[in-house]
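Please find the structures below.
Shared between the two complexes below is chain A, which pairs with chain B and chain C, respectively.
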Partner chain A sequence: MADPPIFESPVVRSYETAGSGDLMLTDISATTKWLVRASGSVGAVAARLGAPFGSSSAAAGGALVLGSRPGEWIVLGTADAVAEAVEGLEAVDGADFVSALDWTHGRALFRITGRSAPRMLEKVCSLDWSDPMTPDGAVASASVAKVTCDIARNDAGGTPSYLVFCDRSLGQYLFDALIDAGDEFGLVVGPAGG
Partner chain B sequence: MTMSRLEVQPTEVIDRSTTLRFRWNGKRFSGFEGDTIASALAAAGEHVFSRSMKYHRPRGILTADYWDPNLLVQVGDDPNVRAGHRLLEAGMDVGAQNVWPSLHRDIKAANGLVSRFLTAGFYYKTFMRPQRLWPAYERVLATFAPGGKVDPDTPHRYHDKRYSHPDVVVAGAGPAGIEAALAAAAAGARVMLVEHEHAVGGHLRYAHPEPARAALAELRAALAASDVEVLTDSTVTGRYEDNWLGIVQRSHPVAVERLIKARAKVLVVAPGLIERPYVFAGNDRPGVITSVAARRLINLWGVKPGERAVVFTANADGDAAAADLERAGVEVAAVVDGRDGRRVSAAQGPPKALEAVVAGGTRTEADLLVVAAGWTAPTSLLNMAGDRPVYDPAAARFFPSDPPGNVLATGGLAGDGRLDELRAHGAATGRLAAQRAAAVAHRYQARTARALAVTGDEPAWAADERAPLRRDRHPELYRSDTHGMVDLSEDVGSKDLVAAAREGYDSVELAKRYTTATMGSAQGKLETVNTVAAIAEARGETIAQVGTTVWRPPYAPLTLGALAGRMFEPVRVSSIHPWHEANGVRTIQAGQWIRPDHYGDPAAEVRNVRTNVGIIDVTPLGKLDLRGPDIPKLLNLLYTNKWSKLAVGKVRYGMMCAEDGVVLDDGVTGRLGPEHYLMTTTSSGAAGVWEWVENWLQTERPDWRVHVTPVTTAYASINVAGPKSRELVSRVVDGVDLSPEAFAYMEVRTATVAGVAGCFMWRIGFTGELSFELHVPAGHGLHVWEALMEAGADLGVGPFGLEGQRIMRLEKGHFIVGQDTDGLTLAPSTGMSPLIKLDKEDFAGLPELAWAADRQLPLIVAIQPDDPEIVPEEAAQIVRGDTNEILGRITSARMSPTLGRAVCLGQVEPELAAGGTKLTVLLASGQRIGATVMDHHAHFDPAGERLRG
Partner chain C sequence: MLLVPCPNCGPRNSADLRYGGESHARPDPATASPLQWRGYLYLRDNPAGWLRETWYCRSGCRRWFTLERNTATNEFRDPPQPGDKRGSKA
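And then the complex of A and B:
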């Protein structure tokens, strides 16, 4: 029998990595991610998760909740934090119909951090990245380098930082496209994490 | 015309300490950093730069800028480079275009000898008949095609793209444009200032007087201290709905060109004015230049444009040119003042030079004629915004009429005035733009979920309270008492336009297309007004009555590379792809997916599956996770068969139809739990089926409680096929009884595979063999694949690719939607009529299929060529005997390694569908072969004993 499995990232090519940089791209696809959907009376689930469409919030256990679409949320973080955030959601009172599924293996996830991150993203995505239109905590869905992505602004210590999700099978392509876009801004690849 | 380099000029932009060496038509030349190609050549004494398009007349500098129709050259692999604009670089290899054998001895100039026969419409009239000779005409005419040479092997360079959302975009960085940008930025707006030239400043750059130079320095300093994003050597090429702007940035540190797609809340149009040529005999002769060209050559690049000049001036800029010429040491032999009603009638001399100018009957010897006859208002961006500029005969140019509120004009486009008046108008325009942009920004924020919450009501739309600029009087100078060139890009003369009007092409839009006037490299910037004037004169009407052509994007020609931008071509790979690459895979691209086609010998892969066991990566197989209590209703609606009684742990095949009864997709769906199903689709249909399902749920059945989530790439999918597949799977699966009794064909189990929990395992396959399809969390797909390869080494396990699978499915007679069906194939044609339950209450396509139930439709059948060695081409026609009457077609064909013969599927007319029917197949070679319809779809194991084993 083979060894116990470890999570294999969609980003399989080798890159020279750096621990820090003014603009950093990091593969964090291993992060636990769940998709929660509610239809009908969604108020109870919305109250529990606390992230209206287009915004994000931190759950009590530390998970990050993204209001990705009306009646739809992405919950991410450590496995324990996510489990705590989604536990019992399908039985929340008042919700007409709720489903939650583990999306960890279905979505590649990258983080882009740096002052020039908005300028870099302008090269691959048509969203308006200005602070009024995409403030810290904003969540959107858009094409990034012709790949449909969920995007969340999640600043790190006052520095603009963005989470970008896409279909896992497109992960390697998108990672390379982001490196190319960031090249003129001195982008470095950070060590993969989760 | 003798040109040479002057002493240092206070306004020059060249760095005389940096010499750049380059080649021009094979000869060595040098220039300075900051020179354009044209200024460097002019300084070296060159005065002929090109040959005209049709008559191959020698052409020299006319405007000395981007618009100069005479300065298109080849630079290395780049054709049609604008030598009046492109900065000189060391090592450039520059050459004249479309001349033979050389620029100075161009045989094609013989066209000029028959110019009276090459009038407008010559090609249309001459080469229409006889039609059979057109290929010959085409070959000859192609040798006369203008422009440079494109080398198809030129490597693709880095063209970039960027999106931007500035509050205000200012198109044009003359004094008014700069002031507009500064004022808007000072009011808090995010501003992008776009300048066509290599530096900001507009006409101040080549204005010699000290006050102008001081103003330019002041504006540049203010700009440098501001937050305005300044793009030089860039052009706003188009304005589209809602101020969507295309901006091409030619000079960029990392890209050859960058196309910026900007959504501006307010656009300020400040391109200044473009000096237009004057039409008279010999006006295209080398030595005839515009007044702006003279001033640019002298003041920007320190080039003395001639030795003895005549200046034809009708405005202050012409007067300034005369002053600049004298200061540069050029003898101004005569000044012909157009404001006094005087005109230039002819420029005379040998073809390549100017010797004399005739004005008012007086002949003056000169090698330079400087013309200041008036201005074209480049209203293009206003036209694109829906404005219809109005001609003012007193000022002899067009002015904006009523552009939309989010498009504002300033600078010379809006009127005339002293420098301080133009600057003040620009600043007022910038403030107005910022105010209006704030209102638009408030609206955008208020309606965007992710944006910061807005406070208060939307600001009121600011009224336009700018003091209008005055309009200086200017004589209407378009054509003299002689005829000359109107469009130097296209070699269209005023005679051509008069002739076109006489022939009935009296609408400016028709005349434009008939003569091609305004359709050349200057895109009407130099010739539109003269074209209109010529037509007006021919018709005896005013310019206002004739009107103008509609200026459409692009404002300035741009490269296809700029339009293409970066090459974004997403590709998908499975998590097992690294293994495939490391093991000799030959891939095939299927949609976005890069898939294993085979590993060297697909026939051997087939034999291994039939005798041992093989594994195939089928990750692209579409997968939809279905949750909710109303899933059976959904499945009953989507599929033609019945789903209400599918038990947990069971799998069922289904066929989907569009509402016209045409087969849309097929696949299997398994019930994983009471309210949890997994639907599979074809690989190519994954996205479309998801959209189809969501469309039904969101628009037709929003009350149904079903959530559909695409999980195609969340799972790595591996099909284990072959007589030893059960043995192999048993070695890696924990906790599932794999015996045929406990886990039968068309059942599903949740399993732990190679230590990976949460896998789904189906007893299905596409090869006709005993098969287990594993759906593994994708992050462990490679691990499970490698575990299977390792565990099955002694069983002879090997990978197989799409080609092997396609062969085996054909041997088994499984049809593929889109391959064996097409956009007209109704469900009964597949031979799956038992699965079409017309007694269901409803399903997509039911009415059409109920209608079709009584009809005789084409049918998919298995076909075997009588000669087992001949594999017909897919799409080969099935015909009646020796005729070409089409009775069907081959849809799939392969040589079967298992049967040792060709096997096919095809669609045939219903009367030919019975087993044993003899067919005639017409091959692409013209050969006709015999073939026979089989009793079953399956060529191999028709009873299905192997897959149920």
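And then the complex of A and C:
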């Protein structure tokens, strides 16, 4: 069996930032990401994954499950946790067809953390990111800086934090656009991770 | 700004959607005459008033849906609810 391909981030160019550190942008594209799609009666798959459309939940093994679209989920976390979460999904009763696809190399993933993260996002996205409309756990798909993205609110220790996914080919552009949008809020670029 | 009521995502800026044009019933390919096909493919009613039309939520749920919009006032009525298959192409 061939070795798995070495992950290369879509972000190849970063910048020195001089912000206060209250708002942080981190490239976490290396995080394992799987896309699950189901057709027909998708309720059984939704119940198994525990995340209806527009919400997120933590799977038993520690993976994060995002209900990104009707009949569509994104599962992310460590490789083992994601494998545990998607194992056996194809055999779930009720749905006509279920597919699970490793998306790790196809999508860029960024985390934006900080008190001013909602205001920063609202500069480049038309959705309302205030607490009443999008509380912790909310998931939405929308245009961010003219790029179609999946966005999940995943607070870190009470501080607003957002996961932003986009196609890999647009990752560098979106990264640059987010740095530009966060400049006035004192954004700093965190160490890349996953 | 035109707010379009997507049945899955809620009100969205029309720039986040793709306009699919007037919604017509597709004629039966087995029995339709060339004139009927021409009308289906190329002719539009274009009323100044209520019109049933299709939209694609390209930045959100990526689903097609139909809506009734008043082309004179941009008012929407009777928006479909989640799971409603009216006019769905997906």
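By our rule, the second predicted complex is superposed on the first by the 182 of 194 C-alpha atoms of A that agree within 3 Å, B and C clash if a C-alpha of one lies under 4 Å from a C-alpha of the other, contacts with A are read in each partner's own complex, and residues count from 1 in each chain.
Quick note on the criterion: a contact is a pair of C-beta atoms (placed from the backbone, for glycine too) under 8 Å apart; a residue touches a chain by one contact, two chains touch by 3 or more.
Being a predicted model, the structure only gives us computed values, none of them experimental.
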(message) Looking at A:Val12 after the superposition, I want to know if it touches chain B, chain C, both of them or none. Which is it: first, second, both, neither?
(response) first
(request) Quick one: classify A:Ala142 as touching chain B (first), chain C (second), both or neither. (result) second
(request) Determine, under the contact definition given at the top, whether A:Trp73 touches first (chain B), second (chain C), both, or neither. (result) neither
(message) In the overlaid three-chain picture, which partner chain does A:Phe53 touch, first (chain B) or second (chain C), both, or neither?
(response) both
(request) Identify the partner contact of A:Leu170: answer first if only chain B is touched, second if only chain C is, both if each is, neither if none is. (result) first
(message) According to the stated criteria, A:Tyr162 is in contact with first (chain B), second (chain C), both, or neither; which is it?
(response) neither
(request) Quick one: name whichever of chain B and chain C touches more residues of chain A. (result) B
(request) For A:Ser126, decide between first (touching chain B), second (touching chain C), both and neither. (result) both
(message) After the superposition on A, what does A:Phe110 contact: first (chain B), second (chain C), both or neither?
(response) neither
(message) Using the superposition on chain A as set up above, list the residues of chain A that contact both chain B and chain C.
(response) 53, 126, 140
(message) Which stretch or stretches of chain A touch chain C in the complex?
(response) 53, 69-70, 126, 140-143, 148
(message) List the residues on chain B that touch chain A in their complex, please.
(response) 160-165, 190, 253-254, 261, 263, 441, 444-445, 448-452, 566, 568-575, 577-578, 592-593, 619-620, 625, 627-629, 705, 707, 709, 711-715, 732, 754-756, 758, 777-784, 786-787, 790
(request) Would you pull the chain C residues touching chain A in the complex into a rising list? (result) 8-9, 12-13, 15-16, 58-63, 82
(message) Looking at the complex, which residues from chain A come into contact with chain B?
(response) 1-10, 12, 29-30, 35, 37, 39-40, 52-55, 96-97, 99, 101-107, 122-135, 138-140, 145-147, 167-170, 172-174, 177, 180, 183-184
